[in-house]
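Every chain is named by a letter (A, B, C, D and E) in the order it is written, and numbering of its residues begins at 1.
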Amino acid sequence: MILPALTLTLRLAVVVSALLLVIGLPLAYWLAFSRWRWKFLCEAIVSLPIVLPPTVLGFYVLVAIGPLSPFGRWYQALTGHGLAFTFEGLVVGSVLYSLPFAVQPMAASFAALDRKLLDASALLGASRWRTFWRIVLPLGLPGVLTGIVLSFAHTLGEFGVVLMIGGNIPGATQTVSILIYDQVQALDYVTANRTALLLLSFCFVLLAILYGLRRRSAWGLWDWK
Amino acid sequence: MILPALTLTLRLAVVVSALLLVIGLPLAYWLAFSRWRWKFLCEAIVSLPIVLPPTVLGFYVLVAIGPLSPFGRWYQALTGHGLAFTFEGLVVGSVLYSLPFAVQPMAASFAALDRKLLDASALLGASRWRTFWRIVLPLGLPGVLTGIVLSFAHTLGEFGVVLMIGGNIPGATQTVSILIYDQVQALDYVTANRTALLLLSFCFVLLAILYGLRRRSAWGLWDWK
Amino acid sequence: LTVAAAADLNYALKELAAQYQKKTGTAVTLSFGSSGNLFSQIQNGAPYDLFFSADEDYPKRLAAAGLVEGGLPRTYAVGHLVLWVRNGVSVGRSHQVVDILLQPSIKRIAIANPQTAPYGRAAMSALEHLGLKDKLASKLVFGENVSQAAQFAQSGNAQAGLIPLSLALAPSMKDAGSYWELPADSYPELRQGVVIISASKHKKAAQAFLDYVTSAEGSAVLRQYGFRVPDGR
Amino acid sequence: MGIVGLEMNSLPEAGRDGLRVEVRKTVSSGPESSFALDVHFLAPAGFTILFGASGAGKTTLLDCIAGLQVPGQGEIAIGGTTLFNAASGVNVLPNRRAVGYLMQSLALFPHMTVRQNVEYGLDALNGDERKAHSREIMESFNILPLAERRPAETSGGERQRIALARALVTRPRVLLLDEPLTALDAITKARIVDDLRAWNRKHQIPVLYVTHQREEVFALGENVIVMDAGRVVAQGSPHDALGRPTSESVAQLAGFENIFACTIAARHPDQGTMTCRVAGCELELEVPLTRLDESRPLRIGIRAGDILVASSVPQGLSARNVLPGAITSLQQHDAKVIAKVDCGAEFEVHITPGARRSLQLEPGAKVWLVIKTYSCQVLQ
Amino acid sequence: MGIVGLEMNSLPEAGRDGLRVEVRKTVSSGPESSFALDVHFLAPAGFTILFGASGAGKTTLLDCIAGLQVPGQGEIAIGGTTLFNAASGVNVLPNRRAVGYLMQSLALFPHMTVRQNVEYGLDALNGDERKAHSREIMESFNILPLAERRPAETSGGERQRIALARALVTRPRVLLLDEPLTALDAITKARIVDDLRAWNRKHQIPVLYVTHQREEVFALGENVIVMDAGRVVAQGSPHDALGRPTSESVAQLAGFENIFACTIAARHPDQGTMTCRVAGCELELEVPLTRLDESRPLRIGIRAGDILVASSVPQGLSARNVLPGAITSLQQHDAKVIAKVDCGAEFEVHITPGARRSLQLEPGAKVWLVIKTYSCQVLQ
């Protein structure tokens, strides 16, 4: 019971973090460098998902992807099944809910970069794309890493959205956090403690390795300061 | 019903954000500048609260501050009442749960500062304390702001911890997010939608003002780039 | 007076509290939650006076731990389990619960989590009794509690749900679909217990409110919101 | 040795045409402090020195050419290619301008090694070619031993050479160098100046070179543009622009140690001279004739090195100005003796230690200053 | 004019004692590239110039004195106060060292205005005093008009002056200036050098001043320390350290344009000279006598400006070295003509344009070089 939940959770967290990287980096780049006058409204909107209680957000997402909404009908027609109670549904909900945690630290660290370095890159003939990969991303890495760690950990722990959209189907949409929740609800504290300890140690090891690597600068990206 | 919940929520969010500023700034400073070799373990630990499902974390906190624990008994003996199901209890739980969201962006932006500026400050006779206030904090403001916005918004939206520790008592520990949750649970969608919309618009206005001010650099702190 | 109550009592208790306040002037603060959460909280010193559970188990456990006034919990209501189907989902002609559940148009069936929610357990044993457990096992989705199961069905993501009658009568559900009661012998009786918390400072008032709820007047309200009132009283 | 690595046949041939610049721009920070740039010049292939006091607008000008700042009005073009035109709205992005720019702040990439910095502009080449080219230029600039370090692990002068190598190794159509050699010692500087001249001979592109130092002007300059307060105040060969300055600011920059406010006392059109009276004293100087109005005050600049000192009245000399005076102070700086001589007005005179010894000059000694007419520059 | 604002009677009196430095430190980035600093000197109150090639270790040394880098071994003390001692583990924090340091990278605070930057070190004073002091020094350095701007809105030279003002306005016990005037034009530089000298007269604290420029050495220096590859290779007055260099690196830094490898051919103890043969040709030079071993090769340095040129065989001169040769090239730089003369070995000779004209020197012309014995420096 714990093993499928653990693999599912990990898969979810990895997929969500990866997607947030893909969505979050350009969004953060835009938030950091755009000169559009109404940008600040977008900045405010990006923070909004976390203002709603997760189950409530999950409920709205559930309605939005359900057969009563145009999107839900379109998706159903396209794939033959609904988005709710599937892994994809979980991903959609989690990405939405963790977006602020990923985008905000990234945008903050991009905005703090020395513009002169971006100028220098352009003057050496680099496109925006190349400048992003070679200058913005490596120098903004502390913020990007923070964003990814926060959204990864948050996806591991969050269960409100996941429960609402996923329907707690063991092996399919039951994550470890739902499992622990269930065990606590069932007053089965011994098992719950064990599961929680497992999740905590696992994450601790993961994060310790990550931060340890960063410290030892095994990436060669960190030690220029 | 909504008004007491709203004031309570705001009070909670403000107190929690303020406390996180007080706890988070020194912690972030330490994480950014300490040279202790085991620091990376602390970095990992700081991220752990969000790995647990909020209700489960709330449950553990409840047990830890409840009359069954030594701490709970001590606190009860000291103050005459328990910590659980009080505003102070909510604050403790929320601070714990939002800590990573506050500390991590702050630490990332502190770590990205140019050390030469800190050296220059010291050479002009400034103590660490003064250097922190005059150099580290203003230059790390984007990260600090991100941390505060994330933890403020997260405190508004989170209900798992709060529900567990506070117990959904209208007027005392029922926050807006619990209220919305309650309304959705009661399948009273019309009221729930209204309350959610209210919370969202309120936060949107708040954040838009914040980001707008920052953009207009009314603080005079932002436009040196 | 602070009353902790299971979520399925939401509408019924609100009405009862309003009537009671009109009658006696005593204000009743209602705090809804899942019975499990409320149980944990009471164990850890929550300042509730009364606890209306959705089953008899949690009150019994509290009683065993010596946290309640008087020996055993009182049963104030018995729940019904119904099959709720959204409008627009084809239910066939037979109108037998078993036949409806086997309709091909029903791809997902929402129930509350049987591990934690009494109505979830009841739903599982009903399915087993009707001989559908294995056939439908892959179609089940689990809500955290009965409300969430109702939401799954109400939002159309699940085509059917096994939920308490009390929720099926809620305004937003009543208009959106129709329900069929499950045979009463297909699941164990859903007796809901109530206890007065021993740490309460308002035990008299709590007793008075409890008496009101179990009075004929209170029982009528409970019946109106989809509960049966227990036999033998 | 020169920088042979820069002949990259694989890259398109750089344009051989001049740089045309016409820029008007106002930068301001608040209502009371603003700076206006208004320049217009043509820089042919080869070195053009931008010379001007601190704050004259040199960096602002280069930023506009590179596309980092947008001028309010004007046009910038290399040969036939328009980089910027305010009227037609053309504004080529910096990464498409093919401009090599060594910024005053260097802007080295802190997270890359020296080699990676230098190779950053070479991604069009394949790995081996890139290695070879960067290696060659790093060798030439004496930074090869640092190749695998990061900029923070190098010294100030080393950083300047890294930035210079990074800007040169690409094949720009225009090169902008903002005070590239300030942090270098004389020897290293001389070697790099040689390399730059060789590079320029090979590439024949316009190079705008900002410096404050006269030696660099004369060592590199074919063409000098003197800027003051956002405007071009002189342009021409180093000798023309700095040797015969016509405005006081250029004169000061060019090192006229003696500048006197004068009025015209008499004109001698037959001799091509006029007599000027130094304000505040009885002194008169014969200077070259100009068309200036009698009534207008003018300024005369005389280089300290152009003044001769004699310990007795000089006889049979062609020089028209022979001014008796007394030495007030003597200071030896390096191989140069700076004498202050009071002839009514105070003159600064530079002589050699040998001359000092042979003339036995001491403070208080009576001397005669000999100044050729053509050593006196009339400044407007 | 000076910097009157710096007499702050409200602050404690700065120490009048010298700076004693003894530092050994190795910095490395990877196993194959490391740099070792090993210096030992005493700097009295007043200017001490640190002179040395790029990468000689000047900045590393200043960082150690300021406490930004920690030496591996040694001791640093001002007067009686020990700032660092490896043996006893003393290491005073930078903010308690009372060291004023103008870093090579300036490190201006980007989020503060110029005024706030300058006033940063003055928080011990009350508002009015602080305003007055910062105003005075900003006026003196000509940056008062920029007071309300941020560093990003100023020019490179202006930034340098802001950083200098920021370092001077506090009342340090030691002042470290790392190439403070590189980005300034000659006039501004001269004015600030004057201010610095006035400041130094008033404060009498040790000032370590890093520069690459000979003029600054002679303008400011009472005491020069020449560094090379992490070591002190010469120390003394500017004239002693640079004028009579005893190592080749100092000679190059000091501008010996002619350096020849020689062997000793004969010694003439009675005349105090010896005859040296320039390697690779038949040329012989009379140079001052040294105790050097015959067999060891030595180097002779001769300044280009110390060599006389004659267009016919000179008669009746005390100079011992008269070398016939032919002019191979003539180049005019500014007011100086650089002639290359082939006398077997090639000599660089600097003459004045006037001399060139009167002697009618042209490439190919036959000339005689006259070199005094004492113009030949023997380098080890």
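The definition used in the following text is that contacts are C-beta pairs under 8 Å (C-beta built on N, C-alpha and C of every residue); 3 or more make two chains touch, one makes a residue touch a chain.
Note that the coordinates shown come from a computational prediction; the quantities given were computed from them, not determined experimentally.
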Overlap of the chain B and chain D neighbour lists contains A, E
For chain A and chain E, the touch-path distance in steps comes out at 2
Greatest centre-to-centre gap (Cα means) from chain D is with chain C
Chain-centre distance (mean CA atoms) for chain A and chain C, in whole Å, is 36
Dist(centroid_CA(chain C), centroid_CA(chain D)) in Å evaluates to 90
Cα centre of chain D to Cα centre of chain E, whole Å, reads 22
Chain D touches at least 2 other chains through residues 105, 150
Flagged in chain C as touching 2+ other chains are 37, 40, 148, 151
Expected list for chain B, residues touching two or more other chains, is 55, 59, 184, 225
Chain-chain contacts, ordered by label, are A-B, A-C, A-D, B-C, B-E, D-E
Seen from chain A, its contact residues with chain B in the complex are 39-41, 43-45, 47-48, 50-57, 59-60, 100-101, 104-105, 107-109, 111-112, 115, 142-143, 145-146, 149-150, 153-154, 156-160, 177-178, 180-181, 184, 192, 196, 199-200, 203-204, 207-208, 210-212, 214-215, 225
Touching chain D in the complex, chain A uses residues 114, 116-117, 119-128, 130, 134-135, 138-139, 221, 223-225
The answer for chain C against chain B in the complex is residues 2, 4, 7, 10-11, 29-33, 37-38, 40-41, 43-48, 145, 147-148, 150-151, 154, 167, 170-173
In the complex, the residues of chain D that touch chain A are 66-68, 93-95, 97-101, 103, 105, 107-112, 120-121, 123-124, 150-152, 166, 170
In their shared complex, chain C is touched by residues of chain A numbered 55, 59, 62-63, 65-68, 72, 81-82, 84-85, 163-164, 167-169, 181-182, 184-187
